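Could you have a look at this structure, given as structure tokens, before my questions?
In this document, chain identifiers A, B, C, D, E, F, G and H correspond to the written order of the chains, with residue numbering beginning at 1 in each.
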Amino acid sequence: MHPKLFFCECKTDEQLIKIFKTCIESGQNVLGTRASIMQYQALKVIFKDIQYNETAKILTFLQNDIEQVGEIALCTGGTGDIPVAEEAALTAEFYGSKVKRYYDVGIAGIHRLLDKIDDIKQANVIIAAAGMEGALAGIIAGLVDKPVIALPTSVGYGASFQGLSALLTMLNSCAEGITVVNIDNGYNAGYSAARINAMITSVTANRPRANGCYA
Amino acid sequence: MHPKLFFCECKTDEQLIKIFKTCIESGQNVLGTRASIMQYQALKVIFKDIQYNETAKILTFLQNDIEQVGEIALCTGGTGDIPVAEEAALTAEFYGSKVKRYYDVGIAGIHRLLDKIDDIKQANVIIAAAGMEGALAGIIAGLVDKPVIALPTSVGYGASFQGLSALLTMLNSCAEGITVVNIDNGYNAGYSAARINAMITSVTANRPRANGCYA
Amino acid sequence: MHPKLFFCECKTDEQLIKIFKTCIESGQNVLGTRASIMQYQALKVIFKDIQYNETAKILTFLQNDIEQVGEIALCTGGTGDIPVAEEAALTAEFYGSKVKRYYDVGIAGIHRLLDKIDDIKQANVIIAAAGMEGALAGIIAGLVDKPVIALPTSVGYGASFQGLSALLTMLNSCAEGITVVNIDNGYNAGYSAARINAMITSVTANRPRANGCYA
Amino acid sequence: MHPKLFFCECKTDEQLIKIFKTCIESGQNVLGTRASIMQYQALKVIFKDIQYNETAKILTFLQNDIEQVGEIALCTGGTGDIPVAEEAALTAEFYGSKVKRYYDVGIAGIHRLLDKIDDIKQANVIIAAAGMEGALAGIIAGLVDKPVIALPTSVGYGASFQGLSALLTMLNSCAEGITVVNIDNGYNAGYSAARINAMITSVTANRPRANGCYA
Amino acid sequence: MHPKLFFCECKTDEQLIKIFKTCIESGQNVLGTRASIMQYQALKVIFKDIQYNETAKILTFLQNDIEQVGEIALCTGGTGDIPVAEEAALTAEFYGSKVKRYYDVGIAGIHRLLDKIDDIKQANVIIAAAGMEGALAGIIAGLVDKPVIALPTSVGYGASFQGLSALLTMLNSCAEGITVVNIDNGYNAGYSAARINAMITSVTANRPRANGCYA
Amino acid sequence: MHPKLFFCECKTDEQLIKIFKTCIESGQNVLGTRASIMQYQALKVIFKDIQYNETAKILTFLQNDIEQVGEIALCTGGTGDIPVAEEAALTAEFYGSKVKRYYDVGIAGIHRLLDKIDDIKQANVIIAAAGMEGALAGIIAGLVDKPVIALPTSVGYGASFQGLSALLTMLNSCAEGITVVNIDNGYNAGYSAARINAMITSVTANRPRANGCYA
Amino acid sequence: MHPKLFFCECKTDEQLIKIFKTCIESGQNVLGTRASIMQYQALKVIFKDIQYNETAKILTFLQNDIEQVGEIALCTGGTGDIPVAEEAALTAEFYGSKVKRYYDVGIAGIHRLLDKIDDIKQANVIIAAAGMEGALAGIIAGLVDKPVIALPTSVGYGASFQGLSALLTMLNSCAEGITVVNIDNGYNAGYSAARINAMITSVTANRPRANGCYA
Amino acid sequence: MHPKLFFCECKTDEQLIKIFKTCIESGQNVLGTRASIMQYQALKVIFKDIQYNETAKILTFLQNDIEQVGEIALCTGGTGDIPVAEEAALTAEFYGSKVKRYYDVGIAGIHRLLDKIDDIKQANVIIAAAGMEGALAGIIAGLVDKPVIALPTSVGYGASFQGLSALLTMLNSCAEGITVVNIDNGYNAGYSAARINAMITSVTANRPRANGCYA
């Protein structure tokens, strides 16, 4: 069964229950992003086995085993980037990728990153999440030869303009091999990384396919 | 020999000649992006076998055969996007990827795209280049399950703001699996696509590696 | 009696009651947009027959039958666009147009749209409401030969910049025949569509006329 | 034969000649926008009967009579808006609409506009072109009950930001029934107006249809 | 005694009390802008004769008669602009100017403005407050030959960008004799108008002088 | 005869000649702003007595004496602001105001300004022209009690954003009594200052009146 | 022991407690910025000797004496800038600098600044904090020959755009010797000033060193 | 004699000659920034000993020896940043600082920077010039404990927005001790660094003092 994913933020409890019911009856695994704890509680009443990760704000309901293969390295600049990074991590895991986390390797202390770079290089794909100046992605891309997905976060203040500064930094990186997703879009970073990782490892069972419904 | 790449735009003829000389002596293939025809003519005097593609503004000097493997599908919205697309194409080919071009499949005539979508789906990676509204990348990503690299171009006028509109469209796409590069950055689109393609086809001979010198 | 319309958002209960009283006494139909549920409750005490649509945040008080003629097709990209779309729908209906809703035909799943495009083509005017990347309007305009009114919504996050991304996409569309209204301005989309529809169907009874008071 | 339209700005002489040849052989009327005088001269050598309007920068090659019906009122704020307005006018005429020009009725002298408003009201559709503050569209929309297409121009300096100020003014108008096109996009204003006018007059012979090729 | 004015928004109750005490002891009239109702209540306990205007959010404590001379015409586009306009009005009155209010003469219904323009022309100075498209100031300036102070307000939504659209409209007006103040800065509009009015009427008693303390 | 003013920038020689002819025949004084030297030369052939100021880019043709009364103080921050300032000066003089120039009193050397502030205070109105940081207007307004018209110029580089920085500084000044005109709009600064000065000095002969034609 | 500093804003109580425990056990002085009163209360339960400055939102836990040497002059434009200024002051003091405060010397009353300029000149480094127009830094830099660190604050409204106006003013200052930090970044202003001051006074005991952990 | 500095960009040859003459007669050293080669040639005719650096666009006329003390480390990201960096270098040298250049140590190849970081650490002040993503300043600040002056350049394309991206990166750096100057403002970076360096080395002979004339 192809897994199913949807965006909870603008949906009423009634809409969510209806979607879950349909997916569950068809035997699919289900992932809901940007879910509030209230939405979780409303669904929990009906679907006892639903899981909720509060940091990532992700709901999951699993009916099939997910074999996780390959490897995605997930790096963050600071503590504040973790919620967005976890959204990416859980999404990638849901789509059958192994994820190794390297949190708090931001460039203010470049040696923390350099200490781990040999491990990071082993991954098939790298996600670099950072707010404020957002320079992490460029540094990593200058050190590895794997695809780097840059994930700007809205962490920061003043002239960070809610992630715009990090986004621009990442788009303008002079290091090669970086591609960028929307500010705070952990979901798409995880999804895109999982798709590439699945192709490299030639595993197609859970490979992310177009849902045509993420809205 | 690992191939060598550099950015010509801000360099003097003297700087270019020196870089070429070093690369050629070391037996590398060389690629120069954003080269003017005047720069080409200055280099031609010294390096007889240098090639120049005027549309893509790319210089090449090849000393080793490049085996092109796998497949990248390169789609553009309109005629005006071709120069940036060709920069991507030649870069990817330089790094050992086969490139299939699908030009002028923009969304104003969606059936031109739909007619070719089954071919496009065969590629390992897709590059979608578009200016103006930039919606092409999202449409394609909704139809395929391969990595899509969105390449916004500065084609347009008025509120296109030199590619900003296309960039925002691509970043905000609700279709999944899209990642984005800088406006008019054909080079990075081609490089990133080639890196992913090389990993999927498990060919490492020309796989793009960090040069640490693209500036 | 020419119908009457006003904007509730910045008005006190006292101001609203006074306006309603004047309109009702003169025998007009009345439409109030952007009304809060609290404003509705305050008015309900005095005007028993007042109606409130909570999704669209629209108040109506009808004293004359509204014959609905012609046809407006109202399309949305996703679930989140429905409140703005309903504001457009109720406004157009208030001004004597039939409205057919095509919700959730966004471009991430282009086939949902293509399945319905023959129906959509039957309308005199089309409203295309979308947030995030906002590409829906351009796709539709490439497929039909009727006037398309593009209605950007503030649905999205990160670089959607509260609807700016969708607005720019729509303004820059290379498909022809699109005109655009302000972000989240469902009212004006509905009003403008109704005016065109009324002229095409040559029905003038409820044709939107300048009120000179929408502020 | 359905008429054919294309955008000349990014095209080489070779590309233009090829497009013209195809259209002419198929017996179509052809309209080319944003054509330079050099492009005209290159085409003139081959296609003797080609016409060029230097103000509007429009090329036409007519093989079929165009019957012009209905009426579009085309208003401009100042002298500087005329080139964009003429692009709109010629496009609308090409698609079978009568166009009545009201130039230089900008709001700095409101009485010039008020003197002509009764004439303007007779049209089926109104195009209001203005740069700088761009208030003309809102004033007109407050005085008539026909569809108003607002066409912002890049005329102005300083904080006009190349038409952005006029664009925002038009999007934010509190007068009803205004829809907006891109800055300096005379072509789309003319095309959209002609489409509405054709529907109202029920003439379909030259009614603008989707070309799927304006790029 | 020269009157005293200050900005309450960032001040603690303790700071306000101290400032009031100093002013009152020196026999001055005092005006406080942007005061919350809570600040008023805290001051009321100590200064019994303090006055508060809730719409304008202005505190006044008068110890000297204010003779109001000359005339300022204060026009607004809509109901939502009234709070900012009242801030201007009370400030100008505090500085010895007569103020005549013309509320709700926005351009959506130009005749409401034209009906009153002969009265407005009698004033020495005109303040035109408007949000959304902000075209009111330009229209008035095209009809009168007195100084026009344009006061953009943050009323609006979507692409009004919290008053930016109105501000740009006013700065770009092609009508002559308009000068502009900051968004929602009713205080400075009133102050500047009062200064000009005082000079014209040659009354210097309450003429606004630099306080050097409005921060 | 009321004087006549127009904007030359977008006008053809033919249009200019026609306008001049009409004005001259009616006996008016004429002022043309933003005129190129080529436009001057074309007009000079026909109108021998036309004058041209190359710094201010202003054309004048005087048929009536202009009595200059009152006083406007015109201050600039630096040398680069002089062309815009001269546009203001010549406009104000054309409309019957005396202008005293205080050039190069920018805030980098505050004492140059303080040395002259007593003279500046004697004027009826002050124009403060500055680019880059644009702080001059605020400093002056903190030192005088006359109306201050702030004139931002596009002088600067980098983050001056063509005058945007100076414009924002002036709009946000915490000194009172400042109103602002568009970037580089020397004409409107001069016109507005002349209007206020004329009212204060009660001279109406050349008082700027609405032309309704500055476009 | 080198002192330790961290940013509290995105951290949970658990994370803060853990960081404090580690620092305290290693005998370091600790500074936490952007701490809420709730965070303080949670930490107070465990670490009795923790101090909290509510204005600056700074936590300190001192285990070693801090000798304060040299001198930093800290100037603010208005009352609203004090919280950001205090963040700078406490940071600089924590790193061993003497700080002299000159609050409320904004440019609306330039003489308050001039009265104190001779004192300000005695400092080794000057911090100039200002919101709204932000001109203070430029004025001071024109009067002294010491390094000036400009600290824009988000105080203001309308077109101050949350500190953007002040930031641009400071970046564009034509006075020399100014460098700028992020909007509201009192911490970095204090830290940078302390580093320069420490080098000038040749005291290295508490000289700010890279922590590599401020995120 | 205190040295003299001025900005050549907006000045006529006559103005430049006059300024030079005055300075030379008073025995000062003179530095002119942003001078074109044409300006140099015009001055050369009169002042034979004038020097011109074409890369930095700097004119110098030295009449007194300049002793260069202390040390400033000047780092750039790429080749394109060199002109702006040289403006900084020559300015700092003119004001009596030794400058050590570290060109092309951008972060795409972090090891080139790490190889030299021990040398860089020896300087009293560091200038980090970079365009595109601008991450260099933050990396350096995370590795050294000296004042870092970040100098954003306009090198780049697309979403670099003429240096805005680099500027934002630098302002938002989470590394401590960075302060920022305007885009491409090499002069102010060099001046500010020289001022700090002079204070640290306690040499006052050429210490940069306020000129009050850089406009």
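Heads up, the rule we're going with is that a residue touches a chain if its C-beta (ideal position, glycine included) is under 8 Å from a C-beta of that chain, and two chains touch if they have at least 3 such contacts.
Since the structure is predicted, the reported quantities are computational estimates derived from the model, not experimental observations.
**Q** Once the contact rule is applied, which chains count as partners of both subunit A and subunit E?
**A** Common contact partners of subunit A and subunit E, which must touch each of the two, are C, G.
**Q** Which of these pairs, B-C, C-D or A-C, matches F-G in more than half of the residue pairs in contact?
**A** B-C
**Q** Comparing the two chain pairs, does B-C have more C-beta contacts than A-C, or is it the other way round?
**A** B-C
**Q** If you average the CA atoms of subunit B and of subunit H, how far apart do the two points sit, in angstrom?
**A** Computed value for the inter-centroid distance: 36 Å.
**Q** Which whole number of Å gives the spacing of the CA centres of subunit C and subunit G?
**A** The separation of the two C-alpha centroids amounts to 51 Å.
**Q** Let me have the rounded angstrom distance from the C-alpha centre of subunit A over to the C-alpha centre of subunit H, please.
**A** Going by mean C-alpha positions, subunit A sits 43 Å from subunit H.
**Q** Out of subunit A, which residues touch more than one other chain, so two or more?
**A** Within subunit A, the residues that touch at least two other chains are 77-78, 106, 108-110, 132, 141-143, 158-160, 164, 167, 171-172, 174-176, 182-183, 210-212, 214-215.
**Q** For this structure, enumerate the chain pairs that meet the touch criterion.
**A** A-B, A-C, A-G, A-H, B-C, B-D, B-H, C-D, C-E, D-E, D-F, E-F, E-G, F-G, F-H, G-H
**Q** Under the touch definition given earlier, write down the residues of subunit C that touch subunit D in their complex.
**A** 5, 124, 141-147, 149, 167, 171-172, 174-183, 187-188, 191-192, 195-196, 199-200, 207-212, 214-215
**Q** Sort out for me which residues of subunit B touch subunit D in the complex.
**A** 77-80, 104, 106, 108-112, 132, 155, 157-160
**Q** In the complex, go through subunit D and note every residue touching subunit B.
**A** Contacts found on subunit D: 9-11, 15, 152, 154, 163-164, 167, 182-185, 210-215.
**Q** What part of subunit A is in contact with subunit H in the complex they form?
**A** Touch list, subunit A to subunit H: 77-78, 106-110, 114, 132-135, 138-139, 141-143, 156, 158-161, 164-166, 168-176.
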